[in-house]
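Note that chain A is present in both complexes that follow, paired respectively with chain B and with chain C.
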Partner chain A sequence: MNIRFEQVSKQFSNHMAISDLNFTIQDGEFVCLLGPSGCGKTTTLMMLAGLYQPTKGNIYFGDQVINHLEPKDRNIGMVFQSYALYPHMTVRDNIAFPLKQQKVPKKIRYGRAEKTARLVRLENYLDRKPSQLSGGQQQRVALARALVKEPNLLLLDEPMSNLDARLKIEMRDELRQLQKQLKITTIMVTHDQEEAMAMADRIAILDRGEIQQFDTPEQLFAYPKNVFVARFLGNPPMNFLDAEIIHELDGMIVHGEGYHFYLQKQLHIPNKTKITLGIRPHDLQVVSERRGIFSAVVTNIEHLGREKLLSATMGEQPIRFFVSNDQKIKYGDRIYLSPNLEAIHIFSKETGENLLWSREVSYEQVEGKTGLI
Partner chain B sequence: MDIGSNVTPAPKMKSPTLLRKSHRKIIISYIILTFLSLPLFFMYLWLFLSSISSEMVAGIIPKQITFENWRFLWENVEVGSRQLPSIWLATWNTLLLAGGLTIIEVIISVMAGYALSRMEFPGRTFFLRSVILLHAFPSVALLIAVFYVLDTLGLIDTLWGVMLVKAALQIPMSTYIIKGFFDDVPWDVEWSALIDGCNRIKAWYQVVIPLVKPGIAAISIFSFLAGWSEFLLLYTFIFDDQNITLATYLQKIIGDFQMVDYGLLTAAGLFYMLPVIFFFIFTQKSLMQMNMGGNKRV
Partner chain C sequence: MKKWVLPYLMLTPFLLLVLLFFVTPVVITTIMAFTNMDYSMEWNFIGLQNFEKIVSDPNFSQIVFNTFIYVGFTLLINVFFALLLALLSSYYIPFEQSGLFFRALWMLPRITPPVVYVLLWLWIFDASEYGLLNTLTSFFFSNDPIAWLIDHPMTAIILVNGMVGASFGMIIFSSAIQSIPRDLFKAAQVDGASEWSVFKDIILPSIKWPIMFVTVWQLLSLLTSYEYILLLTDGGPVFESEVWPLYSYHKAFKNLEFGYGSALSLILVIIAILLTGVLLKLFKFNRMIQSSRIE
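For the complex of A and B:
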């Protein structure tokens, strides 16, 4: 069952929470909604669940418009951001509740509830009430309750925000395996980009009620469509530097404060366009003074085990990069950096749009390849 | 002596600085409260003592213990020339009235409270405001009008009639109280039930109602007590001795004759009051849970 949003908008009294959302989710796909607080992630899930009606547009399950289908008839499982457990029931009854509504006989439904509880490592807590559980345990009850009826569509609103790091990684794998095994179409909301990158087939990046980019994790990382996506993905975040483009005969010069370099690429933009240069920390290398493009003074050193994360300033602008452990660089040293020219991003200063990316797209289209978009 | 172990402060301690400030506060409030409740305590004491004595010295010390005043328990007492109906009939009627009132009131206000808390309909805010206004409305002012209405409906001189009128007067307040409880139930929990396969009504009684149980307990207790202690409506609308209740029973002891038998009156009064006291002792926990936060969604 495909899920399709067609020009979907949701307005709350005077606030536009979602505007003109268009996307399709394939059957059995695992999609993450990623975005800052208040960008409309929960609202999107609520519309899928049937708890909110879209103000405008249609939502399709398959080729059927389901705008007005009642939640109970959608066969969905949902984990709410607040867990929303039933406080008056034991964990066992909480998990078995969806089955009870389907009139599954008591024995079978408790059996299935216990099986699902084992999956989320809750088998020892079945007789407790939700108030006697920790936040992480409550969250897992919510997860089990959403999974127990093996729904067609699983909606997860930050289902792992309260778990400790190790459990989180375990649950990630567990959930991912289960999802693939049962082929449940899953939409998960998360704040945690790492979680999204690790679990999702595709990630939709939302900002202010609009999808910024909807793509596979690799594509998002390698070809961010705009500054927002570039800034949002990647930890530590991408470095951004102000610059200007000056056209040359068969390329262009990127000219910024205290640096300039030649790029053998052509962009269809006016001369002297102001741009934002984006370079991921991993794409910067410490080099000799002669080969260096950026010159910076080290202001902070973080040891991350396998490598070191360095912060430095070029004049006013901060820049971050990685060096291997054996490089002897001290606080206050002046160092020279060279970017991997294949991996730099050029964003329009005005619109934030990725100028290279749109070039790549047209390039791909000319070549007749698919898969980039 | 170290300060940490000084849980119960001894008032005669040598160094007053050892007496913690908070302890002193508690002692002072106890003294004030005791002082203020003394008159109430003596009232009850007097009621009890005078019900079991034939005569009292200095108004409070019983001269001779007797159960003569409690004779209404095993015989139909006569006041003046009239014989009163059995107290057990009155008790039964009072129970019937209070119980019926509780059932009607709870069912209606739980449904109304839910609607006011959770649903969107035109005039919701107006309803909510008028609910409060209706509560403040003096019921005495309605007596004559209600008399006509009951008479037309053929409900005059029946417990049913009184029950309905009393319920109508009480429902606004209990609706308002229970609405506050519904407001406290998170939407997410109700939504969760919808997703798990309930329709709205199923979600209501399987998930929401269990969560407002303390509220239902509170309004049940309130309406039961209100029914138990109702007097004015009974006095106005009921004439037949078959429909006598404890309140009107007491009134008959006082009212029909010049010479009031105070012993009998106090004994019957105590009899009338005992269930309420026990009821209160056992249910005060539920009563205390009540928050008047019904104004969250006006």
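For the complex of A and C:
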């Protein structure tokens, strides 16, 4: 059963939380909703759960419009952002609650609750009340309660935001395996891009109630559709530099403050268009003065173990890049950088749209494998 | 040392007031209960004679019975009807505004002076054919006018007091229901919980404490207050709707048997304290305080 949003909008009194959402989620797919606070992630989940009705548009499960289907008839499991554990029940009863509602006999439902509790490492807390658990433990109870009824659709609203790093990675794998095993279509909201990258088949990047890009993690990273996506994904974030484009015979010159370089690519934009140049920190290399395109002064050095992250300034503009541990660069040194020309991004200064890759991205859409509709 | 001075200093005037208006009457009543003080206002101590008189009072059994019925049924209305109203206005009506309006409507009797409110009821129960209830019954069943307050005095006072008291419980319960995180109801919906299960498993456990508070509070006020009965039936006809506190009032201020009236009140106070204790036990006070925490 795939899930389709068709022109879905949700309005709260005078605030448009979601506008014209269009996307399709395949059966058994793991999708992450990623975006800044207040962009409508929870609202989207609530509509899928049937707790909110869309103001406009239709949501399909398969071929069926389910806008008005009751939550209980959707066979969904949901983890709420606030966990929403029943405060007066023990962990065991919390997890078994959905089964109790399905009139599963007591023995069986407690058996299944305990099995699910083991999955989220809560077997020793079964008799506690939620108020006697830590935030991370409460979150796992919520996860177990969502999983216990083996739903067709799993909706997770930041299900791991309160777990420590190690547990998070364990739970990630666990959840991912379980999801693949049971083939549960899963939609997970997260703030953590690494988590999204690690778990999702596809990621939908939302901003201000609209999908910016919906694609596989690799595609999103390599071909961000606009500045927002580029800025949002990647840690440390992409470097952005102001520049303008000057057309040449069989290519163009990217001209910015204190640098310029030639690019063997053609863009259908007017001469001297102002652009934003985007380069990921990993795509910059320290080179000799002769070969360098950017010249910068080092302002900060962070040791990350395997490599070092350097911050530098080019005049006013900050720029970040990686160097290997054996490179001896000190604070205040002047260094020269050269970008990997295959991996640079050129965004319209005006609209933020990716001028180089937007074409390529839309080709893939035509093939129908990935991307926006 | 010094930082304790200011709070005491600020509390002292109020403590004095409390002492003057709450503690002194209790002490005086207690002492008076052992005298046969009457209109001559003399303090003649007569030991336990007043209490012996109560037990042998010919009206004793009827008054105890009336009090029992009155307090019991009014309390039921005060708590259960209030709970129903609160559920309707704060859980089932999803619109804040209409719920508020609904509750405000039910609050009216509480902000109306008892005399005015009782006048309204007197009109409803009026024995002539112009009484509201009689108009209605004659319209629908073409009955003869009924003297409601004379034929059914207990029912009338229970109904009137129940309606006034229900608004109190309703306000307390609705605010308790509204403080339950909405996400709990959403989670229950997703989990497929029936309305009954939502009530039993989520709402009820969260409002146990308010329910206890309202029950105890109303019990105490029903045991000791009588102004609506006084205004409606004055305990009549004869002793048919006479309840204990009203009886003690009648004895003290109508017959001017202050000593006897005090003895009646004193017993009432002791009963009230005992009942409160029992109720607190019944509701498992300690355990509840622990578990009513909502994260």
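The definition used in the following text is that the second predicted complex is superposed on the first by the 359 of 373 C-alpha atoms of A that agree within 3 Å, B and C clash if a C-alpha of one lies under 4 Å from a C-alpha of the other, contacts with A are read in each partner's own complex, and residues count from 1 in each chain.
Criterion: contacts are C-beta pairs under 8 Å (C-beta built on N, C-alpha and C of every residue); 3 or more make two chains touch, one makes a residue touch a chain.
A quick note: this is a predicted structure, and the numbers were derived from the prediction, not measured.
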Simultaneous placement of chain C and chain B on chain A, clash or fit: clash
Which of chain B and chain C A:Gln138 touches, first, second, both or neither: second
Chain B versus chain C as contact partner of A:Lys72, first or second or both or neither: both
First (chain B), second (chain C), both or neither touched by A:Ile169: neither
Chain B versus chain C as contact partner of A:Pro87, first or second or both or neither: both
Partner chain in contact with A:Pro98 - chain B first, chain C second, else both or neither: both
Contacts of A:Lys129 with chain B and chain C, given as first, second, both or neither: second
First (chain B), second (chain C), both or neither touched by A:Ala49: both
Overlap of chain C and chain B interfaces on chain A (superposed complexes): 49-51, 70-72, 76-78, 80-88, 97-98, 101-102, 145, 149
In the complex with chain A, residue positions of chain B that touch it: 186, 188-189, 191-199, 202, 207, 210-211, 213
For the chain C and chain A complex, residues of the former touching the latter: 181, 183-184, 186-194, 197, 201-202, 205-206, 291, 293-295
Residue ranges of chain A touching chain C (in the complex, touch as defined): 46, 49-51, 70-72, 76-78, 80-89, 97-98, 100-102, 129-131, 138, 145, 149
Chain A - residues contacting chain B, complex: 49-51, 70-72, 74, 76-78, 80-88, 97-98, 101-102, 145, 149
